[in-house]
Every structure is written in structure tokens, then in C-alpha cells.
Amino acid sequence: MTQLILFNVTNGLIIGAFYVLMALGLSLILNLSNVINFAHGNFLALGGYLAFALTPTLGYWGALVVSPFLVALIGLVVERLMIRRIYGRDPVYSLLLTFGLAFVMQDAARYIWGPNGLPLGLPAALAQPISPDLFFITYYRIFMVAVVIVAVAGLFAFMRYTRVGLRIRAGTLDLETVASLGVNVRHLRTFNFAVGCLLAGLSGVLAAGQIGLNPNMGDDLLMPSFIAIIVGGVGSLIGTLFGGLLIGMAAALTTVFYPSASEAVIYAILMAVLLIRPRGLVGEEGMLS
Amino acid sequence: MTMAIASLGGRLPITAGRRELTLVLIWAVLLSVPFWLPLLGGYTALAGRVLVFGLAAMGLNMLLGFTGVLSFGHAAYFGLGAYGAGLTLRYLVHSTPLAMLAGTLLGGLAGTLFGLLIVRRRGVYFAMCTIAFGQLWYYLAYSWNSFTGGFDGLRDFQRQPIGFGPLTLHIEDGGTTFYFFLLAIFAVAAALMGVLLRSPFGRTLLAIRENERRARFLGIPVERHIWLSFSISCFFTALAGTLYALLNNFADPLTLHYSLSGYFVVMTVMGGMRTFWGPLLGAAVFVAMQDYISSMTVNWMSFVGAIFMLVVLFFPRGLLGAMRRRLKS
Amino acid sequence: MSNHTLSVRRRTLLQAGLALGASQAIGAPFVIKALGDEPVKIGMVDPLTGVLSALAQSEVDGAKYAEAEINKKGGILGRQVQLLVEDSANDVGTGVQKTRKLIDRDQVNAIIGDVNSGIAYAMSQVTNEKKVFHIVAGGHTDPITGTNCKWNVFRVCNTTTMDAEAVTPELVKKFGKKWFFVTPDYAYGHTLQDAFVKALTKLGGTYEGDMLPINNTDFSATLIKAKAYKPNVLLNNMGGLTQINCMKQFTQFGMQNEMGLGGALFELESIKGCPPEAQTGWWDMEWWWNQPNVPEVVKFVADYRAATKKTPSARDWFGYVSMHSVRLAADKAKSLDGPKLAAAMEDMELPPDVALQPGKVVYRKGDHELMPNIFVGEVHPSKGAADDVFTLGTLVPGAQAAGSVEETGCKMVEPS
């Protein structure tokens, strides 16, 4: 019995953690720049693939640290070259642009690394279960949750206590005023986008250790991220955090009792939120309307 | 009141004389497809696909181009139309017209009801909800194995010949008969859409697109109009979906997926969002291009994605939009 | 002004693109007519993009290799063969459209495809309507040669019944009769599990199982349940990436110390995507390259490796066999007419250099299903040589595992 409870809690945490990390990056970009980054799943995949490419030279730990920053760098370039041009335009253009980008990135991944699945080697220490009784909790899973907690805490601390974080938060509410206060909004947006991609890249490295690499790996995580954002409340990072945890827990619990419905429950929650509380759990009325 | 709305809504799509000429030209081209398309290395089924996607995109355009509201989940209604038609043919009755009716109603009603939920949202949030809603249906379609055939799709149904009294339309063999059937349905739908858009209702939509706040100040019930526009566009797209099911004798979950929604948006934008025929032109270019490129290279996704990006960055007004601007200047 | 230069640039881009496209489209058909002898065209539709792309690519590789081989030996009926490959993008609409394109525009004499069973089925409706010879190389769903069998459709890969019946006795013998299933919740998964259950209960076995979403990534809940049930064998029916993840988690949890692992298919492409500790278990291979006692196979593998720099998998073999089957049928029928090819194909035995395995490999007349051997054996990390990840346990003749034609539910309707 205790095993089952423990299992549910940890499983929910793990699945939720994943959704949270991915959704936070997406939410960050959405809030400040009003851009739905369809290519977010592809940045995730890129993070995993770059870690794969770097592991021979830097080892797993090196790859884990370096890969997300590389992804952030690529995100920065993408933002500067392409996304920047369509700010302020009709949202249809940003959707189409990132949609097209997603196609290109997926095809590039397939072209460079092949259509076959690739394994990402984990250090042997991590791949062990923590005890024979708790065989379903490997050190890697604990490690993943720990990394996510650190990353999320770091993000919130950054948003709360640094100047740049403050500007981003202010920019989410009223970008015009922030600009007129002398902040370089262009740089802010670029930086923000890069941070979002950093989170995606980190998710990718963690995911790759769990499920392996393939060009489509980001696709299945994109929709739950959307839903996490809508459920939590568009425009609020805390909301996204709760949204992600909620749907993660729900999915984990359902898997125990009725496995084929574990995806359905996420959509059920979405519909419930849209029907009962459309602004989301923590969202404010009027956000992004 | 009407004058004010008219001045808000702006110009007629095309000046009078030119409009007639354009119509004649377009229909001449569409009617003669079986003759000139094979000469260009095409095939009639390709034209059928263009018509179906063109109709779907035109349905979307009513919302996107004429009302100024973005839905990135319109494939949901397209797919519901396809499944509705397929399920009717498979489980209920072997009748093509009834199947088309059932599919159109299914997709249209789903859109109508969903529109009620989100009509107060705008911009990116609205778009996100439409995407998520679409994926919900996608998920349902591929999980409900016993009913919809699940991941493998709905099969074992076929388009049935249509009887008008003593005359029977044998559309069950593909080819030119079926193409003309598609063209006929397309014509009726396009005419209906044209009438709607030229009516005061259509003008009001334009007003809302141009300046929502001012329209509201004028006393126009903005939410209701947006909801109606959303609803009607879903019906047209669902109709296109039923035709798609008839074209393939198959309905599969990918007709509900957001990537197809994306294709519809691209077709609309590429052809010219604010024009009536733009989406059809966009559909023709896109379908032909995808067909051609995917035969040439496995990396067609890069090319298609690059074209999306180029359209957004350099041709935001689309083909017809750019042409129209040049004609004016 | 910048506005003007931008629109000039745009216009040029547009014009250049249109000109290029138009020239290709108009040029193409005329170019083909200029060729002297009309080649025999075979169309292949496979999901070269999407989740099945790895398997599809192997099939195409095998088919292309066969095309070159056939042309070197004089082609089909004295004419060169041309393989036209189209991408179905794992989408039914596209697959059907490309099939129509190949038949209507390119006038192919035969169609091969698709890996995705749903698409294969939809394609077969088109090929049946147009009376074109159709070989399904790698689409596994049973109805294709069962309840939905068609006179023009033949299949190379196995049915779920064949795979299940072949491996079950081995698993029971090696491990025991108490099984736990991990199955994906869609048509293929259902039919596979049903086939296993039938085979298992025949031998007096018992079972429990979980049905999971197709894209499921986390198997902890199911594996915990499995561990509590204490079966002799865990049956992993998942496919593609999910299969690999299930294997990884199975070995991460240390469960291989408590129970056996097995299932129907664990393809070479998937094995290579696994970390070494997850390369384990007892499985079916629909064809395996390492047959040192069969000289034709040794030669084939050597030549194939030299030409393509990779080891042929079962999928490569499917593509290879499909192309040669068209040739063999045409040679026997002395014609490329659809009904005649189909008639010639029935009960056709593959020669050793095409069958590439011992025994009789025949296209069964009743349901048009190929009856090869099923290689039942153990997957393990590579023993030194590349791709040496499977050791044969026993060879089960396909006809023995397949059950009778009546049992498949196939009622063949001859062409009108």
C-alpha cells in the first residue's frame, strides 16, 4: 500500500515536472512577446541531440550543462533573424513562422542524425534504482526532479530578484511603458526568448535520458504544455507551474487505475477549465484578451 | 447606420466590371481542369484535393480574413466533417447526400458550441484554445478504436452513387465524374459564401476586423457577430471535410491534427487573406507545390517550412494581395 | 526607397520560383516520352517522414537495391525497371493521393506499400479499383490478407497470428506459462494480443495485462503491476520508440532478474536505438541477416553491405522481395496486366536467391500471404561483430504458424 502511494506521488512529480519545465519556457515567450512558439518541441529535441553530440567530448555532466546554453544561443539567433520581424503584427504571422520553423527543425534533426532512435548514455550511477523495494525510483528520476526544481526555483528567483527579471515581468503587463522608461525592449525580448529556449533545451537533455532521442520527440510534449498554460492561466508563470503539476499528477494517477485514459484526462481537465473558469486557475481576467 | 458601417468596412473586393471578368476566368479554368491538368504533369485527383482544401481554407478565411479572428484549429471541424460522413456511410445508411449533411452538421455544431465558450477571448489566447480543442478531437478519434477505427482510421465505407429520379450520378469511380461533382458542391458553397460576405452581415464583419472598438461603440453586438462568423466558417470547413472523406473513402485522425490547421492557415495567407479567391489560389499553389516537392526529395518538410517562413516574412499579403496592391499603385 | 527595393526583391523571388516550377512541370512529361524504350515502372509509397521513417527508409533501400540488381540482369520482360518512390508522410490522404498519382500520371504497372497498415489498406482500395498489382511489403494489420483480402493485393510481412504462434511455444518452454502483456491500445495491438492469448491458452497458460496509449513514455505503473503479478514472462507488444522505452525501464528496474522478456517483433532498427542493457529478450525476426549455413544469404549480405554500407534488416528484405516478386510474376505471366500478375503470383515459390532462407517460401493462394520462416531467437548486445545482436533459437515455418485460410476470414473475390 505504501508502495502504491509513494509510487503515485513520485510518478506524478516526475511527469508533472516535465510538463512544468517545458510549459514554463513556452509561457515565458508567450507572455512577453505574444508569440506561440510552435517550434518549442523542436528546441527540446535539439537540446537532447546536442547533448548526444557533446557527450563523447564533455561527458554526460558537461553535456548536461552546455547543451541548454547552446540551444539558448540558437534560439537567440532565430529570434534576431526571424521572430523579431513579426512582433506587433497580426498573431497569425508569428504562429505561421514558428510553425514553419518547426518543420525545418524537425527535418534538419532527421537529416543530421537520421530517422532512427538514438540512445543517450547515462552515467551508470544514475541508472540504478535507489533500493530493491523502491525499484521503480531510479536515481535518474530523482535527479530529474531535482534539476527541474532547481531550474524552476532559479527562474522564479531570477524573475523576482534581478533587474532583467523585473523588466520582463513589467513588460508582460505593459510593454509600452517599459519601453518609454528607457529599457531596450528589443534586447529584452531576445533575452527572454533565449531563456525560454534554454528551458526547452534542458527539458530535452532530461527527456533524452529517459525516453531516448528521435526527431519527433518534442511533438508529444507540446500539447500538454499548451494545456498546462491554459489551465494555469495565460500570462502567469505561477499558473503555468500549477497547471503543469496538476495535469502531471492527474495523468499519473489515471495511469494506475485506467491506463488508456491517461492522456484523455488532460483534455478533460482542459474542457473543464474552459467551461468553468476560462481564465485559468491563477489567471487574471483580461490577460491577453 | 449602414452607411457608417460601409465606410468603416471599406472598399468592395474588386470593382464591378473586373469582378465579372474574374469570375468568368476562374470558372473557365476550374471547368476545364480535366483537359489541361494532365498536360502539365498533374492528375485529376490532385485538382479534387485542391478544391476540397480550397473550400476549407475559404471557410477559414471568412473568420480569419474577413472578421480578423485567428483560429489555428480549424482542422477539427474539417475532420469532424470527414468522420461524420464516414460514420454515416459505414454504420447508418448508404447515402452520399445524407452523409454529407451529417458530417457538415457534426463539424458545424461542434464549432458553434465551442465558439460560445471562447468568444470573449482574443488574439493569441483564442488561437491557443482553438488549437487545444482541435487536438482534443484528434485524441478522441485515435483512441476510440471500436467506433472510429482509432489510429488506423475509419474505413470500409465508400461514396455511393447519387440518384436524382431516373438519373444516377456514378461518383463511385474516381476520375472526372467525381471531380465535377466536387466542383458543383464547391460552386454552391462558394456562391453561398459570396452572398453572405456581400450582405450587411458580411459588411459588419469587415467593420469588426478593421476596428473592433469603434464597431462596439456603434452598437454592433461584436461578440455575437464573431460567434456567428466562427460558426458559419466551421460549417463550410466541415462540408469540405465531408468531401475529403468521399475523395479518399477513408477518414483518419490526421485530418483533425493541428498541422492540417496550419496548412489551411498557410493556404489562406499565401493566397491572400483579405481576398475572396485568395485561399483557393493558395490551396492550389500549396497542394501542387507539396505534391511536386515531396516527389523530388525526402527533405520536402524543410522546403515547405521554409516557404511558410518566407511567406510570413516577405509575402504577408499573399499572392492576390500583392497583385491587388500592384494594380492599385 | 526601401519599400520599392523590397517589393522588387519580392517580385523577383516570386517570378523566379514560378518560372522554375513551370519549367519543371511542363518539361517533365515530355522528357519521359523522349526515352527510347518505355521502362517498367513500379511505384512505392512509404512514410519516409514521420514516426515510421526509419522502417520505411529500410524498405526503400531494399527496393532500390533490387531495382539495380534486376536492371543489371536484363530487367523485366526485356525492359529496364524504374522505381518511383513517393512519401506518404504517414498520412492517409497523402498516401491515397500519391497512389493515384503513380497510377494515373506515371502509369505504373505495380504498387508497393505502405508500412502504415491504415494507409496500406486505403491504398489497396485504390489499386483494387484500378486493377493494379499491389504488394504490401511491411504493413502488419491482419485484415489485409484476412477479412479485407483483395485479389490484387499480396503481402510479404507476417500476420500477428503467425508471429504470435511462432514465438509462444518457445517462450513457454523457456520461461513458463504465466504471462503479463504490455500492449498498445489500437487495432494492431489488440489483434496481436488476441493472437497471443489464443496461442497461450492453447498451451494452458494464464495471463494479465495492461492496455496503454500508443505514445506512452512512462511504464512504471504497468511494470509495478507486472512485478506484483509475478509472471514468467513479460510480453512487450509496444512498437517503435515506446517499445524501446519499455525495455529500458524494464532493465532499469532490474526486472530481468525475476522474469523473462519477449514478444513478437523487435526490429533491428529499434534494437540499434537501445542502450546495450536493454537489448534483451526472445522475439520473432521476420528475416535475419546472419545465416552462415545459407550461401545465398552470405553473398547477399556481403554485396548489400558493400553497396549500402549497412546491414540489411527484415525491412530491407521486404523491399527486396517485393521488387523481385513483381519480376517473377511478370516472367511467369509474360505480361504486366494486373489480373494476370496476380494469378501468376498465387502459389509462387520464391527462388533461393530471393527467399534468402532455407525451406519453401510461397505466396499462399487462399489469402495471398507470403509464408516464409519465422526466426525465433534471443536478442543480446553485440558480440563483437557489427549488428550481431540476435541469435537464432529455432526456425518456425510460416505455414505452420499461420493457421488455415478459413481462420483468417479471407474470402477472395476474383476480378470481374
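Should a chain be cited, it is by its letter among A, B and C, assigned in written order, with residues numbered from 1 in that chain.
The definition used in the following text is that contacts are C-beta pairs under 8 Å (C-beta built on N, C-alpha and C of every residue); 3 or more make two chains touch, one makes a residue touch a chain.
Here the structure is a predicted model, which means the values were calculated and not measured.
J.: In graph terms, nodes being chains and edges touches, is this line, ring, star, complete or other?
T.: complete
J.: Could you compare the number of C-beta pairs in contact for A-C with that for A-B and name the larger?
T.: Counting C-beta pairs in contact, A-B comes out ahead.
J.: Centroid from C-alpha atoms only, then distance subunit A to subunit C, rounded to Å. What do you get?
T.: Centre separation, subunit A to subunit C: 35 Å.
J.: Between subunit A and subunit B, what's the gap in Å when you average each chain's C-alpha atoms?
T.: Taking the average C-alpha coordinate of subunit A and of subunit B, the gap between them is 33 Å.
J.: I need the residues of subunit A touching at least two other chains; which ones are they?
T.: Correct list: 107, 260, 263.
J.: What are the residues of subunit B that contact at least two other chains?
T.: Subunit B, residues with two or more chain partners: 143, 301.
J.: For subunit C, give me the residues that contact two or more of the other chains.
T.: 49, 185, 213
J.: Tell me, which parts of subunit C touch subunit B in their complex?
T.: 6-7, 9-10, 13-14, 21, 24-26, 28-29, 48-49, 86-87, 89-94, 96-98, 100-101, 104-105, 117-118, 121-122, 125-126, 129, 141, 148, 185-188, 190, 213-214
J.: Would you mind writing out the residues of subunit B in touch with subunit C in their complex?
T.: Going through subunit B, the ones touching subunit C are 38-46, 49, 142-143, 145, 149-153, 155-156, 158, 173-174, 244, 247-250, 252, 254-255, 288-289, 291-292, 294-295, 298, 300-301, 310, 314-315, 319, 322.
J.: Quick one: which bits of subunit B touch subunit A in the complex? Just the residue numbers, please.
T.: 64, 68, 70, 72, 117-118, 120-125, 127-129, 131-132, 135-136, 139, 143, 262, 265-266, 269, 273, 299, 301-302, 304-309, 311-313, 316
J.: Within their complex, state which residues of subunit A touch subunit B.
T.: 30, 34-36, 38, 82, 85-86, 89-93, 95-97, 99-108, 111, 223, 226-227, 229-230, 234, 260, 263-264, 267, 270-271, 274-275, 278, 287-289
J.: Subunit A touches which residues of subunit C in the complex?
T.: For this pair, the touching residues of subunit C are 49-51, 53-54, 57, 185, 210-213, 215-218, 220-224, 227, 240-241, 244-245, 248, 252-255, 269-270, 272-275.
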